[in-house]
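Written below as structure tokens is the structure these notes are about.
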Amino acid sequence: MFYHDNELQYEVEVEEPDPYYAKMMQQAIGGIEGEMRVALQYMFQAFGTPKSMGKYRDLLMETATEELGHIEMIATAITKNLQGAPEDVKEEVADGNPLIRTMMQGGQPRQALSAGMHGLATDANGVPFNGSYVVASGNLAADMYANIAAEATGRQLACRLYEMTDDEGMKDMWAYLIARDTMHQNQWHAALEELGDTLPVPASFPQEKENQNVNYQFMSTFRDQREDPEERWTQDTSIDGKGEFSFGYQPGGGSGLVEEAIEEMHNHASGSGGDKSIDDQ
Amino acid sequence: MFYHDNELQYEVEVEEPDPYYAKMMQQAIGGIEGEMRVALQYMFQAFGTPKSMGKYRDLLMETATEELGHIEMIATAITKNLQGAPEDVKEEVADGNPLIRTMMQGGQPRQALSAGMHGLATDANGVPFNGSYVVASGNLAADMYANIAAEATGRQLACRLYEMTDDEGMKDMWAYLIARDTMHQNQWHAALEELGDTLPVPASFPQEKENQNVNYQFMSTFRDQREDPEERWTQDTSIDGKGEFSFGYQPGGGSGLVEEAIEEMHNHASGSGGDKSIDDQ
Amino acid sequence: MFYHDNELQYEVEVEEPDPYYAKMMQQAIGGIEGEMRVALQYMFQAFGTPKSMGKYRDLLMETATEELGHIEMIATAITKNLQGAPEDVKEEVADGNPLIRTMMQGGQPRQALSAGMHGLATDANGVPFNGSYVVASGNLAADMYANIAAEATGRQLACRLYEMTDDEGMKDMWAYLIARDTMHQNQWHAALEELGDTLPVPASFPQEKENQNVNYQFMSTFRDQREDPEERWTQDTSIDGKGEFSFGYQPGGGSGLVEEAIEEMHNHASGSGGDKSIDDQ
Amino acid sequence: MFYHDNELQYEVEVEEPDPYYAKMMQQAIGGIEGEMRVALQYMFQAFGTPKSMGKYRDLLMETATEELGHIEMIATAITKNLQGAPEDVKEEVADGNPLIRTMMQGGQPRQALSAGMHGLATDANGVPFNGSYVVASGNLAADMYANIAAEATGRQLACRLYEMTDDEGMKDMWAYLIARDTMHQNQWHAALEELGDTLPVPASFPQEKENQNVNYQFMSTFRDQREDPEERWTQDTSIDGKGEFSFGYQPGGGSGLVEEAIEEMHNHASGSGGDKSIDDQ
Amino acid sequence: MFYHDNELQYEVEVEEPDPYYAKMMQQAIGGIEGEMRVALQYMFQAFGTPKSMGKYRDLLMETATEELGHIEMIATAITKNLQGAPEDVKEEVADGNPLIRTMMQGGQPRQALSAGMHGLATDANGVPFNGSYVVASGNLAADMYANIAAEATGRQLACRLYEMTDDEGMKDMWAYLIARDTMHQNQWHAALEELGDTLPVPASFPQEKENQNVNYQFMSTFRDQREDPEERWTQDTSIDGKGEFSFGYQPGGGSGLVEEAIEEMHNHASGSGGDKSIDDQ
Amino acid sequence: MFYHDNELQYEVEVEEPDPYYAKMMQQAIGGIEGEMRVALQYMFQAFGTPKSMGKYRDLLMETATEELGHIEMIATAITKNLQGAPEDVKEEVADGNPLIRTMMQGGQPRQALSAGMHGLATDANGVPFNGSYVVASGNLAADMYANIAAEATGRQLACRLYEMTDDEGMKDMWAYLIARDTMHQNQWHAALEELGDTLPVPASFPQEKENQNVNYQFMSTFRDQREDPEERWTQDTSIDGKGEFSFGYQPGGGSGLVEEAIEEMHNHASGSGGDKSIDDQ
């Protein structure tokens, strides 16, 4: 179960509020690369980890809980960036509250309309957070790769947001969050190392049941059959150490056409006399 | 640009049609672990790969094109599984076409209602494929991790579908597709190896700008501060080789509370006399 | 503006309640082929029709309003089908309310859980109605084609639902709704006839600005260049009467590769020494 | 910021696993009436509460954190219900793992396919949790009504799930969660009482700016103008005490038709000679 | 069933077209606080109201029908705001139609691209209206609270939109719509009053089945157990009058960990030799 | 199965990069009128075409494959438009990379944040592509009408995008794509012609089962019964040649009210003494 206190996990200061930046930061809350996704993903993975793998459940819950605090930090940053209009905007606006005009011209409409100048459970475009972002497969190796991918795109997003501001407070917050993403990437890699021999995921499926002709073959789909480009992925031992890379082409498996006969579907295009086209075949 | 011919990439045979199985297979077309996702993901990644990284663009397009053929294969398998009702169902149904009654009781409604007993661009629950599944970050290392994760959960799905049928034709199709996922996992790992030193992703962000106190620290969020569990992720050199794992707690950053003053938002809960609660503070 | 009275547009009787059928009928309320879509689509098209085209605005509003009544009819039919469990199901269930057990095994979960045995604003899978189904392009010819397509798939759905029941009341309701779809298909075709020469939509774009090499050419994408199949779409005068069908292949337009240089995006996959792969090119 | 420990908030026991019930319970995790929604809703409301309203921020965060623990409880309940197949199902299944066959016929497909027999961040139909469920308006009175509504439909859902099982463990869990919903309904009502005079929400908008003819008038839209039904909502003092209920009809505001002239939109349906229909007007 | 005529419900005039404002108003059509939601919500609630509660069905249908007319009004307002570009924008644009350039820089792209300068069935961000917004629970008390919440956030939105314009026509339209929201809030409260003793919703569930320890206890989740803050929600009689508020902490329910054994899910992370991590426990 | 080569289908040149235009073009990739939709729609229609209708399967696959190349073209155009900031923007921006500031103020946020200045699988608002756009009904006539509608709105979109740029390269690309849409509209019409007598769709449903009173009657829903307007859709032979248009009104079908009795749903609004309102009836 969960607890909270009244402090932020790390300080959040904004020197020059910037409503455009408040829009962009939404991606880090409710976007596919954002904090809601990782918080919930690690949580659901933990919920599905069996008793015998308890140390991984711990690992996941520790970090899930940390990520909840990141949602709070970024939501706070958004509110602070919506406290006023940037200087350059103020000059351009003739009448009314310049912040409102700014929001209308290039801000995130729903931060004003739906939230009264606060953050939302959406991405930068206002697309709501979607539960399908939450990957929890029941297999820890698959999950660790999903987590590494989430942290890689998450740190990518954080670095881009770092570059989009000159505000010292904001840069300091991102320096903290980028550092955490560095750690999280590393810790999921460490967990994979501990899990042992996990490739190909899932490792429990007996590979002798795989089609042995194509399980380590790079398959070219180039229109004119090209020669083996002799890349790392077409020759030598495979990365999982269980096969030898080779080069080949799509095997081809005959026509997939079937005839259908379920009248109740009313799939016939033309009337009772039969499809004209059938007669043409 | 793209071309096609009239063969399947690999044969698709069904001996005993099973409409429940046709429902489950939808996940492998339009689900987050499915073929539409990887086909489009590799395609969009290729579209974003610059000229100087041409061999990776090739790699991505070769496999994107292969995955398009997998959509075709599974769609064909679904149609073939919807050609009739399973024997055990037929007996239970008193009147009408037993396939239709089966579809109504436990099949995928829209395979009948919207597609006339064919596959859909949805997952097993009929949730439509969603473009947010397509990860193409502009950074090849982040993309490769996203691809490894996609193939890990994709092979996981394929193995589960393999276990859910006794049909020899279907098992043979999955043996092929599982083998391809083995190769794809390996080839994306190989590409990462070729890309060199990519951790932490993105590698181009200068790590000296990160918060140095927490970039290799495992952060415990346990309610009562626990001791270092001395796991792989709390001690020794980090996996990226650029730091030393340590163990610590959430730093805490003071209160994030702010006062707001934008009247036009009408955030005040009570009327002109001021919020009763404000007086109580 | 709108008005209502307390009658259904047409009677809705159910003799043998069938909760599976109640699930399937959801598609006709909130599915892409359903009544919410057409009601709103015709309404938004009417809202966008200019004063000079008033008779089309009338036409659209008349039918939009009719479709609102169809939502009411089908919602009533769903409630009536959820009033009891089918006989064959009752026998199989050992304990508890057989309707509830039926809903749990093969019904629409949210008709029970969220609506207390009533209809929902979703399709048969519980996927919520989505505003993107509503096509209102601002161009009446495009809209009429969208309407014909909506009524074609809508009547298709209605015919399939007609086949899925033996209940006389339900069949009578669908006989009414199928008849209305017949009329609606015809009336949108009639409107197109009235609009005059609308092809290719939009007709106001000067065709001399089109690429003249490919605007009436059937473009084969077959891997090995095939010969002209001499079909209706590869020869003779085009359907719009403004060109001559021909047969050809994809022209090809050179490589689309570009080099990128925006450092702030952190797209470089590997660290400061440059991408290893770049050196390999 | 947040913390956690390794206990559930309340015990979760399952005596007879029931995969159909595991499907239904998804609604209580990721459905619009579920725990993800309230946890996040209260959290985002807290993030948007200003310093001067600190006691409400506390109230919201206390309960947001409690709800996180409910997600964990229900996810655990789902896993425990997926541990085996019900007795009556086992007998009907000839071959293979009866649980898998059960899942295929009437279970939640993705609990097996995507999560390996665990819970998902979706509703009972597999529709992913959606961030648009999270209402946090920036106005505490509006938020409290949203919370009361969420807890009313949430308790409704919990009561329905209570009725759908005979398992003593499950009934005990729901007795706990239903009790919490009782408390939560009461506490949000208490907060409204404390906030004082909040009607009509938002109370800060000067009511003299409202249209005074219709702000306390019940507006009948019945086709044939009916007489005042003399209900509580058509006469006597309004509930907010600021007006007198009356009875009337839609005022009517003339035609809304406009003429358009932006050629670049290509809204003209027919070609250069002008729309045929325009001539007909 | 429904009827219509050719008048707006109330006049809609725009003096100075403003495409940014046209974007913001979309929220009032297809947003979660918008008119499509309430029109459909009241309609579906009416469809689910039983014969014995006929006066509530009437109440709901009267207002559902009224809300349909509001969609029409706002769609008309959007079209009128898209008739031209604001003066300050015109000066900044060097070439081409200034309206188009305005739309590209800060307008709602799809109002131009998809609708030819008209309204859409989406919110201000272009996120399509979603059927999950429609709450119709089958229980009138739950529904009335959902309606009060919808009208509270709806009036909040309308007040914010009122503040965002200086156009007299627009202000007059919003003064009308805000007034209607005042009435609607009041009428749903009046219905609740008529329904009698509805707390806690649903009132039909026997409260003696609730867990009696926690059904009126405020549960603190603060990390360090705090003292009773002695607020309205921690002491004295509960708002429903059926209990006494108290203060306490999360009870704790032991570990929720389970062991799993369904091999066909392939949840084991590492290969045949067993998970390395299991040996480490 | 599919193949590819390394050329674009047609050249894509951009002379003056325009990030606003890059935003608008997203609609042509992932919007409902875009290339992802038609590529996948034609593909799924082909997958569902039976052997006896092989020439239509060919037709569909040829064009599905062509459309894949259009996604590639437009994605390339987006990248090229994101290579720099427009001149007029550069001057307004004081500090930092003007492109980034432009993206923040009026560009597509996720083209920067999620894709590193590349295209996305979304529409212009960042709403992800949705599998529900893909219409493949199993009936070729219904599908052809869906395709004509898709190409009509698609060409409409392309014409609007043509008007929104002065860049010669971009205009040349659109001249090509508009031409292709001309052809595609024509070819689907040609296919309909070949299919023969397809109206009303589906033609296989015996029309004598339709309600004969209303299947060719224009149904007015005007509040005050109007007279027959004597339009093309109210008189003379119907377009399908199978009926005679007439004019009439909604028939009316009595009340749809039902009584409900499933206690387990807890639909009663008030407590044990029965609903107060029931006594009032």
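Labels A, B, C, D, E and F are assigned to the chains in the order they are written; within every chain, residues are numbered from 1.
What we mean here is this: a residue touches a chain if its C-beta (ideal position, glycine included) is under 8 Å from a C-beta of that chain, and two chains touch if they have at least 3 such contacts.
Chain identities (UniProt): A, B, C, D, E, F = Manganese catalase family protein.
Keep in mind that what you see is a predicted model, and the values were worked out from it rather than measured.
Under the touch definition stated at the top, subunit C and subunit F share these contacting partners: A, B, D, E.
Remark: among chain pairs D-E and B-D, D-E carries the greater number of C-beta contacts.
Interface subunit B/subunit C: under half of the residue numbers present appear on both copies, so the contact uses mostly different residues. Between the Cα centres of subunit B and subunit F there is a gap of 25 Å. Spacing of subunit A relative to subunit F, judged by their CA centroids, is 27 angstrom. Counting partner chains per residue, subunit B shows two or more touched chains at residues 1-9, 32, 47, 55, 58, 61-62, 65-66, 69, 72, 76, 79, 100, 105-106, 112, 114, 116-117, 122, 125-128, 130, 132-133, 137-139, 141-142, 153, 156, 159-160, 163-164, 194, 201-202, 205, 221-223, 250, 252, 255, 258, 260, 264-267. If you sketch which chains touch which, every chain touches every other chain without exception. Partner subunit D is touched in their complex by these residues of subunit B: 20-21, 23-24, 27, 31-33, 88, 105-106, 123-127, 153, 156-157, 160-161, 163-164, 166, 221-224, 250, 252, 255, 257-260, 263, 265-273, 275-278, 280-281. Interface residues of subunit E, counted against subunit D in their complex, comprise 3, 6-12, 32, 55, 58-59, 61-63, 65-66, 69, 72-73, 76, 79-80, 83, 97, 99-100, 112, 116-117, 127, 130, 132-133, 135, 137-139, 141-142, 145-146, 148-149, 151-153, 155-156, 159, 162, 172, 175-176, 178-183, 185-187, 189-191, 193-194, 199-202, 205, 207, 209-223, 229, 231-233, 238-240, 243, 245, 250-256, 258, 260, 262, 264-267. For subunit E in complex with subunit C, the residues that touch the partner chain are 1-9, 30, 36, 40, 43-44, 47-48, 58, 61-62, 64-66, 68-69, 71-72, 75-76, 79, 114-122, 128-134, 136-139. Those residues of subunit F lying in contact with subunit D across their complex are 156, 159-160, 163-164, 223, 264-266.
Those residues of subunit F that touch subunit A in the shared complex are 1-5, 47, 50-57, 92, 94-96, 100, 104-106, 108-110, 112-114, 116, 122, 125-128, 138-142, 194-198, 201-205.
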